[in-house]
Structures are given as structure tokens and as C-alpha cells.
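Provided herewith is a single structure, encoded as C-alpha cells, for subsequent inquiry.
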Amino acid sequence: MDVIIPMLVDGLAASAVIFFIAVGLTLVFSVLRVLNVAHGSFYSIGAYVAVSIGGLAASAGLNPWLSFPILLLSAALTAAALGPFIERTFIRWTYGKPEAVQILVTFALFLIFEDLQKLVFGVQSYYEDSAMQVLGTSEIGGIIYLNYQLLLIALAVLLIVALRVMLSHTRLGKLIVAVVADPEISQTLGINASRVYSAAFTIGVFLAALGGALATPTSGVAPGLGADAIVLGFAVAAIGGLGQIEGAAIAAVIVGITRVLAIYYAPAFEPVMPYLVMLAVLLVRPYGLFGAAQARRI
Amino acid sequence: MRFALHAALVAAFALVPLAAPWLGFVFTLVLAKGLAALGVAILLRAGLISIGHAAFYALGAYAVAAMSENAVSDLVLQLIAATLVSALAGALIGLFLVRYRGIFFAMLNLAVSMVFYTLLSKMYHLTGGTDGLRVDTPTVFGAVIDRDTLEPILLYGGLALVIVVGLAVHRYLKSPMGEALPAVETNEIRLEYLGIAVPRVLLSAYTLSAALAGLGGGVHALLVGHVVPDLAYWTTSGQLVLVAVLGGIGGVVGPFVGSFFLEIVRSFAVIYVADTWNLIVGAGLLVVIFFLPVGLYGLLDRAVRRSAK
Amino acid sequence: QDKPADIGMGVFTFTSGPAAAYGMPGRNAAELMIEQINADGGIGGVPIKPTYVDEAQGGEGVVSEFRRLAEDPEMDVMVAALSSGNCMALAPVADQLQMPMVTWNCDTHQLFLNETHDYVFRPNSSTIPEFVAYAAYLSATDPEATRIAIINPDYAFGHDAAQIFTGAMKAFNPDVEVVAELFPKLGTASFNTEISRIAAARPDVIFSNLWGGDLENFIRQASARGLFRNSKVILALGESVLQRTDLPDGVIVGVLGDGWWMSPDAQANEETKAFVAAYKEKFGEYPVFPAMKMANTILAVKAAYEKAIEASDGWPTRDDLRDALEGLQVDNLTGSVTIREDHDGLVDQVVGVTEPTDDYDFPIIGEMARYPAEKITPPVGEDPMAWIGTLSPDFVSSLPAPGSYK
Amino acid sequence: MTAPLLSVEKVNVAFGGVQAANEAELDVMSGEFLAIIGPNGSGKTTLINLCTGYVKPKSGTIRLDGRDITRKKPREITKLGIARAFQIPQLFGEHTVVENLMLAVAAHQGFWDGWRPLNRPDFRAEAMRLLDMVGLADVAEANAATLPEGQRKLTDIALALALKPRLLLLDEPTAGVSGDEKFPLMDRLTAVLREQKVTAVFVEHDMDLVRRYADRVAVWNQGRVAASGPPETVFNDPMVLRDVVGVV
Amino acid sequence: MLSVENIRVAVAGNTVLRDISFTLPNGETTVLIGRNGAGKTTTLRAIMGLLPLAAGRILVNDRDLDGVATYERPALGLGYAPEDRRMIPSFSVRENLLLPTVALRFPETLKTERLRAVYDLMPELEELQNRSGGTLSGGQGKMVALGRALMVATDVLLLDEPFQGLAPVLAQSYARTLKKVRDQRPDLAVLVTESSPQLLGEVTDRALKIERGEISETTLAEAGH
């Protein structure tokens, strides 16, 4: 029973990080109907940008509490720099194309980004953990945890709420929902669908980069980060039902917790847990937990 | 004219290694991966993208390794076993997977292959864990040979094998079952309404593709002489899809052209531009997708026909 | 055969991917060492011409590169490889192509276990002495430690080490029990669950042979979460990150051999001091042990060449070099190595604990013990695991005491 | 009076709020040409979807020759001899028109042979015969995706004919077929069907067509038959004239 | 006032409209008659910019729509109700009605004013306003679609087969609404496509017949055969 607390704290903290990766993926899919492999690159780029800026700030002796706004800023910068550009140049071209093509185009982007990162940041691992340090630790049930882990959980919850509010109560949100439901009619009602697509994709990039940035205080950034992130993101997005934000959240929790359980009871299986969960879920619910088939009208 | 093109390709394949023997190794690798990519291409024709076929490639490779561990040393037996084992696994897994389409098909293949990958790296006693297994030089029809004779056998025997398999697959693709594959993508409902059991169409395709991947894996194992779990990792699967699309999924030759392209680019990129070969491959892929949907082979083919006119 | 224009040497290491953090120092050391050798006339008057190969491209890529180089008559010797997986894949190829292959870092004891490789030599230690040494050091400093937790990378290197370390610990003290054994996969970013798991198990000792970026992440997260305060920690590859992470004092670390650039022997050796200074000068940090291993390995190749030049009339062929490597005995930057008839190397093991110093802004290794190779290496032909089983508490007391190596 | 070939008994199905079939009852007699008319959204296509297993009813039974086919898959029902042409043509866009037909012919004459080519003389001959019949021989080699709507419609009908069905369900066979072609097409079609003793049900918006080719008319409204009988009676029924206006 | 000048439009390869020209004067309601597949929907879609013009041009109040994107046309006072009711299912009727004004960033006052006006025209919509768009029946959907078009249609109103699938009762009230619209908005030009023009009797000022992609003046009488 000494599992319960670690399971909740570590599990949910892990779930939070996983959710940050998956939610952007699933949001982009729900709007653009494109499964974006390059999402993993945005995750790692966000991380690199965060450690770079954070590193500068630290060496400039800035107040460590500033590292939190810096994490956000890094994500925003990454999104602004890459989001609209990539959407207009490559992603837009794949709308309505077969999945195979979409996956390959974004996979190619992913390969290119991998090397670009290597060229820019080299192969050594970076880290910048002042955010983790200033928050300190707290002891729960005789085990010391990072307050930063707790913060991650809080942020994830906050993010779900924020996205919900954004989608159902803001102008952009309404426009996104409308475009998703019916791109063509939306245009006849005065909605600039392609602008909405750009915005949605950029939000996706932002979420990915944010996930990467938020991961840096506890774990260094090294090549290969993106590849792991993207498969995990796919698995979680698929389990939740592609395009389902709440689905992604629940899937992330399930995956996070099962991984913790695995580490306690069957360490050998920890790496496959996401896939086992995915197999189990998709065999029972072929379109994921929250997903549903759209029967073709004939 | 096509025939001339194919003859030229085969000739080049057979002759170049005589000049630069180390290319013999690379070319044999091209054949092995090309077989697997051909399997992936068959599924792609039905609009099904498998990010997990490396599992069957690895399965074939490990089957060969397991046999040489257990003193079944004949090359032919080993390759047959590799093919059959993978075909069987493909049939079983296919039973479940043919129900799925699009992303979910891709995801499930990914999941299955990752589970398999983990098993390979965890079951030390059987698989030697991440260090993998040695594959001893096989005997050929009982004759004991050394590695120096094995490699030409693999290259030229492999080439012959690929030609035979290629012709067979070509016939399959032209048969009703093969022609039904694109139809699954364009209008599955109509197929049902013609009374055709789509699951059965796909299951046979899946089994065939698994068998091809397994055969390729077997050749790989014999060639490299050492098998490791990474063979089953999802990036390997991604590479197979990439190779198939790069070469063009229209015909049988495409995947081999793609495989050739990728291996050559890699072999030379690691020599001259070690840090950017992903970038080169990625860019190449984009170019192919944006500008020549028919793939590299389609390009060759057109060029040849044009020059013929 | 007469003198070539230069000696073609293939050098295999990770220069990209997550493992590069560990592989790069190796490459740097190779560059520097070769520079220096060439600067004073090369080997027997012939300069070395290195070709670097990135192991990150994976098994078959590495093999095909090896083949390509081996076919080039200009190529004379291969220094390969970093990872055990690649060594195992390359060894048969080396035999087949009759290309002398000298391993510089891969240390799995499987390499020569029930196979002989005529053309493969390891002038370095294997996992057996490396991890027996840690067990010995631990039970010497802390005989009461019985509850041990293990967190190693999830591949052969990690699993072998776990097996060897526990085996030895049990041999030294039957009461030892493993209270947690975790194998996170390579490239794990967050170890938080593992850390909780270990903390919950309340171990006396935490052993780990994580390396590269993984090790850095683990150290950062674990020290933040007080793991180092509550248990004694052994980081088998700790020295390789001393300069990059602020490791607390009292952590048992070593160098998988004797390649510690500040060891008494190293400091006593002017050549070494010069090398270290030059390395620091060129690459902005001190040579971690992978760098020293590489340097020593190249020195071994050099020695082998000189021996071969002696032996053969005219310039030595690949086979002459191979023969020279047999039973080679060479003094290097940090001690000496002898190549046994099974081609495995006899190398001392240096182990100690981190301690602060005023001379550097990172901790150094103190309380060192230098275990003589022949004592902690199983005899040729003996099954390593069985040999470990035969060890006993007085084996430990027969070894030099911690702190004895000054 | 003989037993019906197809009988729909108390069938219900709803989509969200829409009751697309509402206690629907319908008998199709062997050999007859039954026309189904009714406003858009009244459930005509849904009826066909039900009879071919694409939509499963909430309740009720559908019988072919008295045999329950309610829960069967479309392909099983097809094998039992019901073929269908769609309101929105369903073709294989990556194949040429003749290949489309050859696939249908293969489906009927032997599909599971992975060695002999689809494009074999006997298949091609049969395919061309069918295309001739619907007057598409000259576009045989065109890619199906590029055809104008009307010709797509005809190809779709030919695909159904290739299966040599006992019962043929046509959903608005002439919608999108330009006015001057409608009658010639229906003449050829009905001739073939009569000669092969095929029973046919066709949904139609064009009343002239119905008057001319239907033995019997069933008026569909709000998911059920509102009236049925020979054309002359039905078209004099004031209720029909009132409720079915809007479909000319 | 809308004028269409010799437009040619092709859909998926085949030319559907050939050199079509006509004008819609303000305050008049014009019916576009033609059988299935004649090109009515295509005409309206072309006017909304959903289909590219192969030739010719379209003007609203003498402003050439060439280069004006679909999403910019509602701002010029074009309102469009498509053939098949296309509600946003997750939105309430009210949200569906307001969507175009949200997209066009109308000030709140204007939004409520327009909404009021629509509710006055179609009281039944006010009762429906909290139902979600997904649950509407075909007929109700048609009414909401008309309302949604009226939210922005200050100059041109395009209705595609509004009566298709409407139960007679609903159809009558729909027709009455159209009548009111015409009487209250003398500056609004209305185009209604219909394959069954009977119901339009008292609303229609002019009838156009489209056949094999060509347009001709006609009268309801002969169209209604």
C-alpha cells in the first residue's frame, strides 16, 4: 500500500508531462485532420530553447523565479517562429491527402529537424534546473518529492480547463469548433478557415514546445528527446481517441499510472506499458476511449 | 523498354560489387530491406500504413539466428523457416489488425512491434538481450563454406531470389486480389456490395507482406552475422515505409530502388556528411512526395520511356 | 612490404545521439593522442591517419563501414568500438577480413567468453573485474551494508553489471539482499518513479552503472530528492560526469579500469600531465576516463607496431601487427596493461569516493584503492560467474585497503 | 398470390431524432418493377440500406424468400442475390471503368485466385458487354474518377448488373443522367431485366419515369409506405398529390 | 443588387454552367428552376466563391467579386442557406444564428439587434434557440439556416432548395416568411433555387430556368408543368 502515494504523485506528474505532449497532437488532429510526426521535434526544440534562454538568464544572475516566465516565453517563441511557417509551407499541402502521405511528410520534417537541432545545439546534453531548485521539495509519506512535480500536475489540470474555456467561450474557440464541424459552410459564414488552421496548428506547436520546456528543469536535453516523445504522444492520443482532449487527458493518466505500477510490480514491462494499454483499449474500442466511428453516408 | 530498364538495373547490381567488393555487402542489404519494403508497399496499396513491419523483419532474422544456435545450419532451410515463421505470425496478428484502417492500423502495428521489440531485448536466455545473437556461417545444401564464399552466394542468390519473388508478387498484384487492394482504399463499401470479403483480401495481403519482411530479415541475419533487437524498433519500420514510398509503391521494383537509394545515401553520407544524413534523407523524401508521386522508380521508368521515344 | 605513407586507423565511437556525451571525449582523446604521436614522428617514422566512424548509425551500418575500411589496403588497424553490441557484431567480421581490431571501451565479458577471435584484442578490462572491484570496495568500507538497490541501463551492460555486483556482494556477505532492481531504458529523461521506488525500499546502498545523459539526469533528480543523503551511492561511471554535475561528497566512483587522470601513477607521469594539460587546453575540460581509455588504447596500438617493426623485416603487415598484439605488455598514461592469451586485457581497477578539493571547482576522487588486475580478474578459461561464486570475505581483506592508493 | 421475394416487416430505425424507418412494411413480388417515390429525407435510401445490411434496424425483420437476412452483412446479402446501385455512385476511383467492371465480374465468377490476372479475356469480354448495355463502351479506358456524374451513375448500375442478381435495388438511377438520355437508358435497362427475370426496385424523383416503367408504386413518407398500388391509382390519390409535391 | 455575367463553371472536370448571365434587382425575389443536376446549387456555390469561375464575373452592387475570398463575401451582405441544412451540431440554435456575426466581429449591439430582427421574422426560432444544432429535424434546420443567412444578408440572400424535404405545413410558413422578408427589406435581392416551384407562387417576382447549364427566362406556370 506504500504504492498509493508514489503512484499518485509520480504517476500523475508523469501523466502531466505525457499529456502536454499528447494534447497538442490531438488538438491539431481534431482541427486539421493531420497526424503530425514533427510534433516530437517541436517538443525537443521547445526544450532546447528553454535551456538556452534559461542558461543565459542564470549566467546573467537573474532571479531564479524568473525561470517560470522564461519557460512560457520559450514555448511562445518556438510557436511563433515555427507554427505559421510550417503550416503554410508544408502542412497545408497535406490537407485531405491520404494518411500515409501526411505521416511521411511530417516524418520527413521530423528527420530534418533532428539534424538541424544537432547542427545548432551539438550532441552534448544541456540542463537548466533553477525552476526545480527554487521550488524545493516536500516529504509525503516518508518520501521526498519535488514540488516541481506537483506544479506539473497543477499545470496540466489548468491546461485542460484553459483549453476547454478557449474552445467553448472565446471567439477563436467558436471559430475552431465551427471549422472542425464544417469547413465549407464556415467560410460562407465569414470564417477565414485557413487562418483558423494556422492558429490551431500554432497552438499545437506551442503546447508541444511548452511540454518540452516544462520537462527541462528535471531532465536535461539531449538528442533523441523528440523521437521518444512522439511515439508516446501517438500512443496516448490514440488511446484517448484522436482529437479528443479529455480523452488524451484520461489516456495520459492511465498510461502514467500503469507505468508507475509496472515499475513497482513488473519493471521489465515499464517501457511497453503504453503499447499494452493501447492494444487493450483499441481491441475493445477500435476508435479509442472517446473516439467514435463516423459512418459513411451512402 | 521496361524490360531493358530492369535488365540494366539487375546488371548494374550484379557487376558493380565486382569493382568495389564492400558494396556487395551494401547491395545485399539493399535486397534484404527491399524485400521488407515490398511487403510494406503491398499494404500501402490498400492505403494501410504499417509502422511496425520491422517486427516481422526482426522475426525472420531471429528465426535464422535461433536455427543456427540449434544446429540447423543449412541456409535454404533457415530462409524457408524465416519466411514461414513470419508468415504465420503475420496471419495471426493480421486476424486482429485487418479490422482497422488509417491511423489506427498504423498505431496497432506500432504497438505490436514495440511489444515484440521489448520481448527481444528482455528475454536474454532466448534472444541474448540487447547484445543480440551471433549467426554462424551457414552450410549450403550441406556444403560447409566460409564467409568469403557466403557473401557472393547471398548477393547473387539473393538477386535471383528477388527476381523470382518479384515476378510472383507482380502476378499477385495484377490478380483480382491484388487489384482489389487499391479498391479497398478508394471504395471499400462497393467491394462489400460486390460480395467480396474485404477482411480476407487484407489478411492475405498482410500475411504475404509479413512473409516478405521475414525473408528479408533472414537474409539480413545471414549477411550481418549478428542480430539485435533494434531490428524491430519503430524507426526501422519507419525506414521501411520511407523506402517504399521513396521508390514508389506502384510496382514491384520501386521498393528496391528506394532501398538502394537509402542505403547508398547512408553509406556515403556517413563518410562525408556524417551529421546531416537524416536531413538529406528527409529532404529527399519531401522532394519525392511533392514532385514525383510515382516515386524514384516511376521517375527512372519515365526517363527511360521518354528516351525510347 | 615497405613503409606506407601513413598508418590507416579506423576509430569507432558515438559522435551523435544520446551516447555522444560519453563517446565524444573518446574521439577528442584519439585526435589529440594521434596529433601528439604524429608530432614526434609517428610510429616508426610513419604518421597515423585516422578515419572516424559514428557508432550511432546502428549495427549493420557500423559493420558495413568496417568492411568498407577493411577493404581499403591503406587501412591497417581498427580501434573499435564503444558499445558491446557493436564489438560483438564486429568481432567475427574482423576475423573474416583478417583485420586487426583493438577494442577501446566495450567491456562485456561475453566478448571472449566461449568464442575465440584471432584478430580481436581488448587492451582494457571487462565487466567482471570492473564490478567485482566496486563490490570489494563497498564491503571493505561498509561491511554492514546489506540492503542494496540497483538502477542500471536496460541493456546487456546494465544487466551483466547487476548480476556481477550482486553475485560478488553475496559472496562477500551472504546476508546481502537486493531490495530493488530497476532497469530504465536508455535515454530515460525522468527517473522520478524509480527514485520513489528506491527511496521506499530504504536501501543501505544504491548501485548504478547508468552513463551519459541518463546518469546526469539521474544524479540531478536523485540528489534533489535526497537519495544521496539517505543511502550510500555507487556510481560506476561517476567519474565521467564529475565535471558536468555537482556530485555530493562520499559517492563511490571509479573509472572501469585505471584511467583516472589524477591517480598517483598518472600524476607521477610527465607524459600524462602533458596530455591532460593539452586536452584541457584543446577541449576546455579535463579528460574523463573514456578519453584516457582511448588514449591508452592508441598507445597500445603504437606499442604493438613498434614490437612488430622489431620482429618483422620490412614494414609489418596486418598479420604481423596481429601477432605483435598477442601477449603485448605496455605501460600507458595511467598504469599498464597486459594482453592475455585469450586476448582480454589485464588492467588494474581504481575505485574511490568523491571528495571536495580547493584546486578544482568539481569534486575529485579520494580514499582510492588500486586493485591489481591479476587478483580481481578470473583466470583464463574459468567461467567468470562460477569464479565470482568462489570468492569469500577474506578475498576482500586480501586486497589493498581503501585509501591505500596515494 | 405468391409469396413475396423480399419482405420488410415492422422495421424501425432512427438517426438521432430522425425516424428514417417507422414500422415500415413492404413486400416486393418476384418479377415486378416497384417504384418508390417520396420526399427527400423520407427514408427511401435508408430502406435500401436496411435491405442490404448497411443499416441495422432497431427492430423488425427483413426476409428474402422467407429467409431472415436482417442481421447479415452486405456481402452476405449480395451473395444471396441482392445487388444494389447507389444514389451517390460508388466506384473505384483509382481504376479505369473497364477495370471497375472486371472487378465486379471477378467477384461473381472467381475472385480468389492470386495467380491469374484480373485482366483476362473472358472477364474483359463480359465487362465490355455490360458497358455496351449502358452505353459506356467508349469510355471503358477512362479513369472512373474523372467521369461526369451521369456516366458515374451508369457505371454504378453496370457494376450491380455484373453480379447477375435476382433482385436489383436502384437508388435514383436517372438522377444526374441528362433528360434526353433517361428514357433510352431505362428502355435498355428494363429490357435486360425483364429478359433475365430480375426483380427491380427503383427509387425515383422523376414521375414521368415512374409512370412509364413501374408495375407498382410505393409512396414513402416519414419512414413508411403512405400509399401503394399501380401508378394510375396512386397518382390520382389526393393525399399523394398533396404530400409528395416537392418531388417532381 | 447582384449581377452574374457570362460565368462558366466546371465541377470535377465537367462543365456544369455555360455562359450564365442574370441580374437580381433589389427588393425582388427570383426563383431558379431546374431538375436535379441542372446546376442550381453550382450557381449558388459559384456566387459564394465556393467554386472557381472558368470565365465571366460576378458583381454585388457593382463591386466585382473577383479576388474576394468566400469568407469575405458575407461582409458584403451576402447571406447563403445551403441545400442540406448545415448546422454546427455542438452549438445551440442561438449560437448557430450568431456565428456569422461573431466571425465578422459585429459589435454586441448590432448582434442583438440582428438577432431580434430574425426572431421577429421567425418567432418559432426564438422557441428553438436553446436546442442544440445537432438535434434539429430537417425542417427546423432549414428554418435556422434561413435565419442564419438573414443575420448577415443585407444585400443578397441565396437559398438553395429551401423547400426540399419540408413537410407541407412547414413549407407554408417558410413561404410566408420569405414574403415578409421581401416586404420588409426593399433593398434585398433574393435568389431561391427550387425543383418544385409550386409553393413559391405568391413570393416570386421572376423565374429563371436552368437546363443543361444554360439559363432562360420562364414563368412559374410553365415551369410547374
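Going in written order, the chains are labelled A, B, C, D and E, and every chain counts its residues from 1.
One rule holds for everything that comes next: a residue touches a chain if its C-beta (ideal position, glycine included) is under 8 Å from a C-beta of that chain, and two chains touch if they have at least 3 such contacts.
The shown structure was predicted, so the numbers you read here are calculated from the model rather than taken from an experiment.
Peer 1: Using the contact definition given at the top, which chains are in touch with both chain A and chain C?
Peer 2: For chain A paired with chain C, the chains in contact with each are B, in label order.
Peer 1: Farthest from chain E by Cα centre, which chain is it? Let me know.
Peer 2: Result for max centroid distance from chain E is chain C.
Peer 1: Report which of A-E and A-B is connected by more C-beta pairs in contact.
Peer 2: A-B
Peer 1: Cα centroid separation between chain A and chain D, in whole Å?
Peer 2: The separation of the two C-alpha centroids amounts to 49 Å.
Peer 1: How big is the gap, in whole Å, between where the Cα atoms of chain A centre and where those of chain E centre?
Peer 2: 43
Peer 1: Determine the centre-to-centre distance between chain B and chain E, using the mean Cα coordinates as centres, and give it in whole Å.
Peer 2: So the centre of chain B lies 56 Å away from the centre of chain E.
Peer 1: So, what's the distance in Å between the C-alpha centres of chain B and chain A?
Peer 2: 33
Peer 1: Multi-chain contacts only, two chains or more: what residues does chain A have there?
Peer 2: Expected reply: 118, 268, 271, 298.
Peer 1: Using the touch definition from the top, which residues of chain C touch two or more other chains?
Peer 2: Residue numbers touching two or more other chains: 15-16, 154.
Peer 1: What parts of chain B, by residue number, touch at least two of the other chains?
Peer 2: Only 185, 189, 275 qualify.
Peer 1: Using the touch definition from the top, list the residues of chain C that touch chain B in their complex.
Peer 2: Touching chain B: residues 15-16, 53-54, 57-61, 63-65, 67-68, 70-71, 84-85, 88-89, 92-93, 96, 108, 110, 115, 154-156, 159 of chain C.
Peer 1: Any idea which chain D residues touch chain B in the complex?
Peer 2: 52, 54, 73-75, 78-79, 83-84, 90-95, 99, 102-104, 106-108, 110-119, 159-160, 162-163
Peer 1: So in the complex, the part of chain B that touches chain C is made up of which residues?
Peer 2: Against chain C, chain B makes touches at 20-22, 25-26, 29, 121, 124, 128-132, 134, 146-148, 220, 223-226, 228, 230, 266-267, 270-271, 274-275.
Peer 1: For chain A, which residues are in contact with chain E within the complex?
Peer 2: My answer: residues 171, 174-175, 177-178, 181-182, 184-193.
Peer 1: Show which residues of chain B lie in contact with chain A when the two form their complex.
Peer 2: Touching chain A: residues 44, 47, 49, 51, 96, 99-100, 102-104, 106-108, 110-112, 114-115, 118, 122, 185, 189, 234-235, 238, 241-242, 245, 275-279, 281-283, 285-286, 289-290 of chain B.
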